[in-house]
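First subunit A sits with subunit B, and in the next complex the same chain sits with subunit C.
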Partner chain A sequence: MNHRIITIAKKELLHIKRDPYSLTIIIILPVIMVILFGYAITFDVKNVSIGILDRSQSKSSRELVNTFTSTKYFNTRVFLNNEKEIEPLFKKGIIRAAIIIPEKYSSSLKRKPETKIQIIIDGSEPNTANIISNYVKMIVSSYSLKINNFQIKAPIDIRPTVWFNPELKSIIFIVPGLITIILMLISALLTSITIAREKENGTLEQILVSPIKSYEIIIGKVIPYIIIAFIDSIFILVASKFLFSLKIEGNLLLLSVLGLIYIISSLGIGLLISTIAKTQQVAMMMTFISTLLPAIMLSGFMFPIKSMPKILQYITYIIPPKYFLIIIRGIILKGIGIGYLWHQVTILILFGALLILVSLLKFKTRLE
Partner chain B sequence: MQKEIIIKTKNLTKKFGNFTAVNSISFETYKGEIFGFLGANGAGKTTTIKMLCGILTPTEGEGYVAGFDIYSEKTKIKQNIGYMSQKFSLYEDLRVEENLLFYGGIYNMKNKNLKVKLNEMLVRLDLLHLRKKMTSELPLGWKQKLALGCALLHNPEIIFLDEPTAGVDPISRKNFWYLIYNMVNNGKTIFVTTHYLDEAEYCHRISIMHQGKIIVTGTPEKLKSQYKKTNIEDVFISLINNQTYES
Partner chain C sequence: MNQIKHIIKKELLQVFRDKPRMVIIFLMPLIQLFILGYAITTDIKNIPLVICDMDNSSTTREIIDKFKYSQHFSLKKIDNNYKNIKYYLYSGKAALVIVIPVNFTRNLIRNENPQIQLIVDGQDANSGNVGMGYAINIINFFSSSILIKKLNINPEKSKLVHFIKEETRIWYNPDLLSINYVIPGIVAVMLTMITTLLTGLGIVREKEIGTIEQIIVSPIKPYQFILGKTIPFVILGFIAFFFALGAGKFWFKIPFEGNILILAVFCLIYLLITLGIGIFVSSISYTQQQALFIIWFFSIFTILMSGFLFPIENMPEFLQYFTYLVPLRYFMFIIRSIFLKGSEFQYLIKDGIILILYGISIFGFSSIILRKKIM
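Right, the complex of A and B next:
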């Protein structure tokens, strides 16, 4: 390869190696994000404490209670003596839900199928309440099927089967998003800062007095970041595989190639910013606002795009992470091939080409 | 002996919007001399150097460096010149030798040739014992020498020095001029800007710049006798005062 490009790339690696700020973003940030999103920030609801008011006190009512607590969703139970105890326990946050089994539960169960039990759920966290309600329904319906000897009497029986993520674990949903964001962060943020730094220190001018071409400077500068972004993605995938038993359904080679396209389009944003920003601080602010925030909020990483207000939905069309998120989720979770992804891939390529072209042109004229 | 012209400008002009930084300057620099550009800050010295180095396109006028046109043959010019900017554009987080290796590398120097030249340069600048030192830890005088080394490693014919001694202590300045003489003895041409008027005496010929214009060019001796002063500082002051009265 071109010797001048290698020279620039080698020097960039030295900068990265010696700059605590870059190292933090490259090494510590992915680790923290995996740990945070993997263990702490989870949309799953587990180990919910429930209160049990068993007025029936029969063999069959105890059986029902045991069904609940034998799952990983409800682990602790608090036995209550009357309904008045529920509210203070909700307020203190000791229990999230309470099951009330009526006095006549056992006898009614023997007589007719429509036996009722009552569930009270703390709705102060709507998302959690929803999930708990679903769990309860699931558990009760499978239990009632069991005591009915699996005889279905209802004319329509719904048995939902969830594909691609049968346990609906949120980590599996989050990992692809995490890779999308970290790639964006490294490609856009670090490149924009590194070029702004050369401008700020006057070293860019010194380089430009040499016969080097502007594309050689840019390629040399971005190569280390492409490699690092790749290594980080591999790290996240491997860590997720071992820590959260993430299974990669699709083709890793395809994912790498498309990942590279995404990295290049993100680099394009970083480059464009670096041609505008005069100092590192300005570059950092601009990158945060124009890439990181949209990548987290508007890409579909945290919030589904379909449930956003219309105007925000239109904005998401110009956010490259949105397209890569569809690609990476599709490949990792669904194992889909390129045939399903042409639309997204084409848009990413167009974005990348446009951004890099504009920044190369601006980079040249900028020096005047 | 016929002197060979190595830098030549004719009515060279640079405007930034309404502001004319360099106003139609014409001069010639001969091969093997030290040509000094004198002037206050903002006189247009740096803008002139940048145009000659090919990093700034002139608004009007002609310019040739080492026989190449400053509009159309920038790349050829760049191969033949060394440039040391006002700010000593070094990488503070790189070691002394890493800085030199980097600047050598972007001039396409490689492998053995680069290593040999690096060692020669370290010896020449008396930086050999500091080669592994981090650049940020060097005193300013040493940084200045290192910056010079970076500009010289690829052995350019013409060396542009933009305020090379700004902020440096007198002893380092003296040593620096000793290095400059050394280069001239090796047949190099030096184009230097300064606002230290005592340094003008070290130059073979000088141009005094004021508000974008060259007001006078000549050898220091000639200027001193012409204006009947004992040193360049007095020549400069009387010229600038005249200019100010005129405008």
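Right, the complex of A and C next:
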């Protein structure tokens, strides 16, 4: 390799080493993120506190209440005396749902074919409310079958199976996404900042008047960050393997090669920003808006693209992380090979080439 | 007082002079609000579905129709070859495959409990779980309609049956729109990030450029410097906050049930905290890059632990203790309660007091640190 590129890369590495503060954050942040995300991001709804207004006060109503609170979903019960107590408890956030058992519950259950009970759910957290409502349906219908001594069977026997993530653990979905975002963060943000800093300090001029060619500066400057990005990804994979027993189904070599393509296209964005931004603050903010935010929000990292409005769905087509997410999830979780991924790989290569070309051209014009 | 005014003026002048920065200050919240408002959705819609119908009868077509007209699913293909399932799931063409076996209808009529197999792509645990729930509900609904038909034919048996039926009412957000939940949260997150970032970077910048030395040797007192540096961002933060509230109410049509004055007071208290954190970060970091990283880290931690997207009760217990350390948690509760539930002051007082305590101690502590470190 070119000797001058190596010198610049060495210089950049020295810069990074000299600021151990930032280096520590860059290395430790991803691992902490895995831990935080792994434990904190969970849509599993458990331990819901439920209010109980038992107007019947009979043996059968107490049995129904016990059926609810003996599940792992509803473990705390608050007994109520009248309906007016529900609202303050919702507002204080003490209970999420309430069951109202009517006065005639017990006698109606013996005589009538259908007995109604009322459920009130605090809908201010829609996802939780939805899941609670499903749990209630499930518990009530299986209890119904039980008190009928299972004389009646559901006519259709539904057999759900889950592929790729049988235990439906959220972390499995998050880890590939985290790698995608960290790679983007490091390649785009750090590159744009490092060049903007030289501009702000005025040192870029000195480099530009030296015999080094502009592409050499760029390549030299980005090499250390590519290395850091790779190390970070390995950290994330190892941490999630040991902490959350993530299994890697596919070929790691293929993943690395495709990862490199993704890193290069992210670097392209960082370079392009650095050619426009004159100060570090502007570079940071621009990177934040143009890469990080879309990478987190519009790539399908956490929020399904298919549930977004049509307009946003079109925007996601120009977001490189979207394609890399499909690649990395495919390889890690499904264990698929390149055969399924050509489409995404081609788009990433096109993005990368276009971005690098434009920023090289822009960089040159500054030289003259 | 006069000196504070001058610093405020200078600070505002700097904000308005730096065009790109100004654009970013005002554009960032807008983009955040609109993109995030639409992008962050926990509603599960348009799940790509393939139905493998090997029976192909009028009954199975009835089931297929139920899925075709559900907004939760988007039916991509009806296939009759079991071998293709793997392809659909591996290529991502389907996230859910429903398999209806041969002789399904015949077995149904003979009361032989035919199976329907659901195969879910479980990568996205939440979508998978919720999608599976929807599919099971649709089939169960169909199933119970068949059951009722059968019981009607056999009235003797139906007399012996006693079912419990639940009637569910949902308060505050009857249609369970995730946007009603997300927007107030975004407003709070945005306020946190912008005010912390601007204060933090603003002071570090003076350090990095070296102009802070000049301020130190001038007759400006430390408290004047701190107030002068933070008041502009209180103003900007407040403007952005109310702008976002307005957008939430009039653009996104989020019901605003509560009292805006109470919210404004809590917002002011909360700003004390975010500005305090900004000052603290700026006093311990030497470059803007460092400050950015620390704030970034702080923001991620705060956002995850505040219950913004992931309910705190669902976290493991040891993490729940950490959330008590996150001021945004209390502000999040307050803003959501005021927005959606129209909670009155008496329901918010506990979280309000905690916010005040955090505000005074964080702002006070950071000011002392800043004084020690640079003044």
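Convention: the second predicted complex is superposed on the first by the 250 of 368 C-alpha atoms of A that agree within 3 Å, B and C clash if a C-alpha of one lies under 4 Å from a C-alpha of the other, contacts with A are read in each partner's own complex, and residues count from 1 in each chain.
By definition in this document, a residue touches a chain if its C-beta (ideal position, glycine included) is under 8 Å from a C-beta of that chain, and two chains touch if they have at least 3 such contacts.
Note that the structure is predicted; figures quoted are calculated from it, not measured.
Counted by residues of subunit A touched, the larger count belongs to C, out of subunit B and subunit C.
In the superposed pair of complexes, A:19 makes contact with subunit B and with subunit C alike. Contacts of A:82 after superposition on the shared chain: neither subunit B nor subunit C is touched. Once the two complexes are laid over each other on the shared chain, residue contacts for A:147 go to subunit C alone; subunit B is not touched. In the overlay built on the shared chain, the residue A:8 is in contact with subunit B alone; subunit C does not reach it. In the superposition on chain A, contact of A:211 is made with subunit B only, not with subunit C. Annotation: subunit A residues 19 touch subunit B in one complex and subunit C in the other.
Looking at the complex, you find that subunit B touches subunit A at residues 53-57, 75, 78-79, 81, 83, 85-87, 89-94, 98, 102-103, 105-108, 110, 150.
The part of subunit C that touches subunit A in the complex is made up of residues 20-21, 24, 27-28, 31-32, 35-36, 38-48, 74, 89-92, 108, 111, 113-130, 132-133, 135-137, 139-140, 142-144, 146-147, 150, 157-174, 176-178, 180-181, 201, 205, 285-290, 292-294, 297, 300-301, 304-305, 309-311, 313-316, 319, 333, 336-337, 340-341, 343-344, 347. Considering their complex, residues 19, 21-22, 25-26, 29, 32-33, 36-37, 39-48, 64, 88, 90-93, 109-110, 112-131, 133-134, 136-137, 140-141, 143-144, 147-148, 151-166, 168-170, 172-173, 193, 197, 277-278, 280-282, 284-286, 288-289, 293-294, 297-298, 302-304, 306-309, 311-312, 326, 329-330, 333-334, 336, 340 of subunit A touch subunit C.
Per the touch definition, subunit A reaches subunit B in the complex via residues 3-4, 6-8, 10-11, 14-15, 18-19, 201-203, 205-212, 367-368.
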